[in-house]
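Look at the two complexes coming up: subunit A is in both, with subunit B in one and subunit C in the other.
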Partner chain A sequence: MDISVIISKLAFYPIAAVILIAAILVVSLRNVFYAALSLILCFLGVASLYLLLHAEFLAGAQVLIYIGAISVLIIFAIMFTKDISHQYSSGTLLYRVSVGFVLFLLFLVMTAAYLLNAWTHAAAGGTGVSITDIGKMMLSTYLLPFEALSVLLLAALIGALFLARKEER
Partner chain B sequence: MLEKFIPISFELSVSVLAFLLLLLDIFGVRSKRVFAAVGIIGLILTLPLTNHMWGMHATLFGGAYVLDGMAVFFKVLFIFITLLIFLFSLDFLEKKFEFRGEYYSMLLFVCLGLMLAVSSADLLTLFISIELISLPLYLLAAFEKKNKASSEAGLKYFLLGAFASAIFLYGISMVYGTVGSTKFVDIITAAGKMNLYASPVMLLGIIGLLTGLGFKISASPFHMWSPDVFEGAPTPVAAFISVAPKAAGIAIIIRLFLLSMAAPQVQPVWVLILLLLSAMSMTIGNLTAIPQKDFKRMLAYSGIAQIGYVLLALAAATTLGIASAMFYMILYAFTNLGAFGVLMLVTRMNGSSSISEFAGLSKRAPALALMLLLSLLSLAGIPPLAGFVGKFYLFLAAFQHGGLLFKIMVLYAILNSVVSLYYYLGVLKVAYFDPPADEGTVRVPTSSGLALFLCGMTIVVLGILPPLSTWVVNITQSMGLSL
Partner chain C sequence: MIEFIYNCFNNCWNFFLDVGLVHYLILSALIFCIGIYGVITRRNAITVLMSLELMFNAVNINFIAFGRQLGTPVGQVFALFIIAVAAAEAAVGLAIIINIYRNFRGVDVDKVDLLKW
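Then we have the complex of A and B:
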């Protein structure tokens, strides 16, 4: 077996463990600020997985957008909000147990389905998609969703400005 | 050169119009009437484009976009819906300071998303167009910034909508993992060879997709948001939300499931889910509508029930099923907009939407009371009106499917229609027999009056001209049921 394949196989499990632990911390930590920091760790793990899959561009985008922009925004929002450390009750014990039970069943079903599934594999041995390919695809095959996305972003931008604007009168 | 753009000319003109309205704002146009007028004229000018597109069957952008009879049909319907909302908004906005040019641009962005969604033949394009429908609608629901209920409606719609979109996207990823492509053409081929026992993830993918779509068309059990959002959102926006995303959702279900996953290997799965959604929507919609005191909430629950009837016909997965669903979406749109329009004019002054506002409407504004009568009786499915013809075809499509389960479901749906008559008639009783609380007549402005007249005419004409519904069947058959 190729040495790089062995390395990526070896690297997968620690990274997956980090992602899982970070994700559990995000939902279980009582301090919202720490939860946001765990979210960054989780995103970092996902970015490393992209690297293992030879999707360098995706890994870079993940770091830039999710860690650089979104997480920082979340942290800003936390710091600007008063009383954020307020403890919210998450329902009665019966409610929590039943929700946990349903989610556990869902987890079992999905795990079983994922293990049994005949997945369609991308062409084996590929070294991933280069940025050039992505750029070409965005302006050919995926031109329509790309353009629709820019209209969507514009609409979101205008809407956000509208909601945040102070009425002058 | 220009011929190349004909298949996407509706989308191009609507986006140009949306940007034009934004530019008008920048160049200092302050009159809201100018925005509405430009929008209305622009939308009417796009209608002749239908001439060039009718009968066309084009596939663009590497199979991501399809223009066929069904797409054109729904696009024209969306233009009419947007036109009516523009006409209603013209009067509604007069008293509202915070509504300006961007309100109309947002409506047009939604219209663009709707048009793209019914033409999408690729899951990625479909997802983005659904987002393009939803995002401006979240904002529009929260547009009345001074009104707490409106902000709450926007926030609720946004949070639940984002959740539904995530599930939809998860469903897409599972279908992609099993099929190996996001294009509907490839899904058709893969579905024909699929063995669901070996690909259980496809099953989960279908459930995810239908959960996301079920939310957008507010089918039960994914309907929780709709009564609260309708109640809080500005009335023209609530009217828009009550018809446009539902019509688009039905079109998407037709293209994604009835046309792309028609192979017997996967068909039973989504037929069963559609039947389940249909039964739950009819039951919960009709039973919860009965005790409602608020007209908008009642219409929300009635809309849930109506979607239940349409899903029943779609579950039959036949040409007649598709045709009847398409026909029903026209009359549902005009009927529901008519009911919302009456509410908007009656309660424009105090902003309440309680059913008791209609008290003595037959004396205060006989024309509005007549319009309310027409739309509610049509929703209930009373014979000379469009609602009867529409429901007749929906139930016929399900009945002709032949299975015993479908026959029982049709009986159940008829029973539900009878139940629904109770709450529709309850509103009419208030409008016709209760003494008016306020003696003043209700002023009907020209534009809203024109819109209501259009709705009323459609309800009556579609009802007394049954050939029109056979016309829709013919269109559907001429589509050849292909992508």
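Then we have the complex of A and C:
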């Protein structure tokens, strides 16, 4: 196997480590603002994972929408609502440990299913699908969901504005 | 015996080197479980929403890894739809959280129980 192929495959591990550490920080940090910052790091890691999967357009969309829009929205919301860092998590330590244990079992079941399944489809080689294919598919096969999605987005944003406005009396 | 251990080690090493679909699926399962943990245990509504975004990302990784494996653009198209829906969800959710903050002077999800019997 070519050495560059091996390196690009092994680049998965450091990226995965960054994503996992950032994700654990998101759910464990006491300060909500720091949690939001590590969420941004997690999004960045996922974007580079998309690059590894040859989904360049998705990586760009991830950076633009998740890091550019959603993270800023979350940080805005943190600024609007006072940072209440003493409300850390609900329940006792036993509650959290048991939740973690059940989720660990869920993870084990999922992993076993993945490992024991015989994936019959061989990996598609080459550089993957191009953005042209995505665009054609969006405007032909998935035209109706695409348009419905734009209406949904408009409605959601107007609804968000309506909800968040100051009430005038 | 030694041969068995050697084979085991060799298989593990090959699994480590040959990063493929299964690795992405396992990573996505881990992120998903971390997200569920955050949704269940955190009390701050904003952190609950952030954990939800983690779960969205895990699902997206699954879609794109499968799309890569099968060589179709459908996975990426679905991931794009999910990103758009996640944006709408974040906007509405954060607006609701700001409203909750105005009414309750806090964003503790355990204290917002008006709809409880």
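Just so we're on the same page, the second predicted complex is superposed on the first by the 151 of 169 C-alpha atoms of A that agree within 3 Å, B and C clash if a C-alpha of one lies under 4 Å from a C-alpha of the other, contacts with A are read in each partner's own complex, and residues count from 1 in each chain.
One rule holds in what follows: a residue touches a chain if its C-beta (ideal position, glycine included) is under 8 Å from a C-beta of that chain, and two chains touch if they have at least 3 such contacts.
Here the structure is a predicted model, which means the values were calculated and not measured.
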Subunit B versus subunit C as contact partner of A:Ile6, first or second or both or neither: second
Partner chain in contact with A:Ala118 - subunit B first, subunit C second, else both or neither: first
First (subunit B), second (subunit C), both or neither touched by A:Met110: both
Touched partner set for A:Leu144, first subunit B, second subunit C, both or neither: first
More subunit A residues in contact [subunit B versus subunit C]: C
Which superposed partner A:Val99 touches (first subunit B, second subunit C, both, neither): second
Contacts of A:Ile21 with subunit B and subunit C, given as first, second, both or neither: neither
Partner chain(s) touched by A:Val63 [first = subunit B, second = subunit C, both, neither]: neither
Footprint overlap on subunit A, where subunit B in one structure and subunit C in the other make contact: 110, 114, 119, 142, 145, 149, 152, 156, 159, 162-163
Residue ranges of subunit A in contact with subunit B within the complex: 109-110, 112-114, 116-120, 122, 140-145, 148-149, 151-152, 155-156, 158-159, 162-163, 167, 169
Residues of subunit B defined as touching subunit A within the complex: 15, 22, 60-62, 64-65, 97-98, 102, 105-106, 109, 112-113, 116, 122, 124-125, 128-129, 131-132, 135-136, 138-139, 142-143, 145, 177-180, 195, 198-204
Contacting residues of subunit C [partner subunit A, same complex]: 17-27, 29-31, 33-38, 40-44, 46-47, 49-51, 53-54, 57, 60-61, 64-65, 67-74, 76-77, 79-81, 83-92, 94-99, 101, 106-110
Contacting residues of subunit A [partner subunit C, same complex]: 6, 9-10, 12-13, 16, 19-20, 23-24, 26-27, 32, 35-36, 39, 42-43, 46, 49-50, 53-55, 57-58, 61-62, 65-66, 69-70, 73-74, 76-78, 80-82, 84, 87-91, 95-96, 99-100, 103-104, 106-107, 110-111, 114-115, 119, 121, 123-124, 128-129, 133-134, 137-138, 142, 145-146, 149, 152-153, 156-157, 159-164
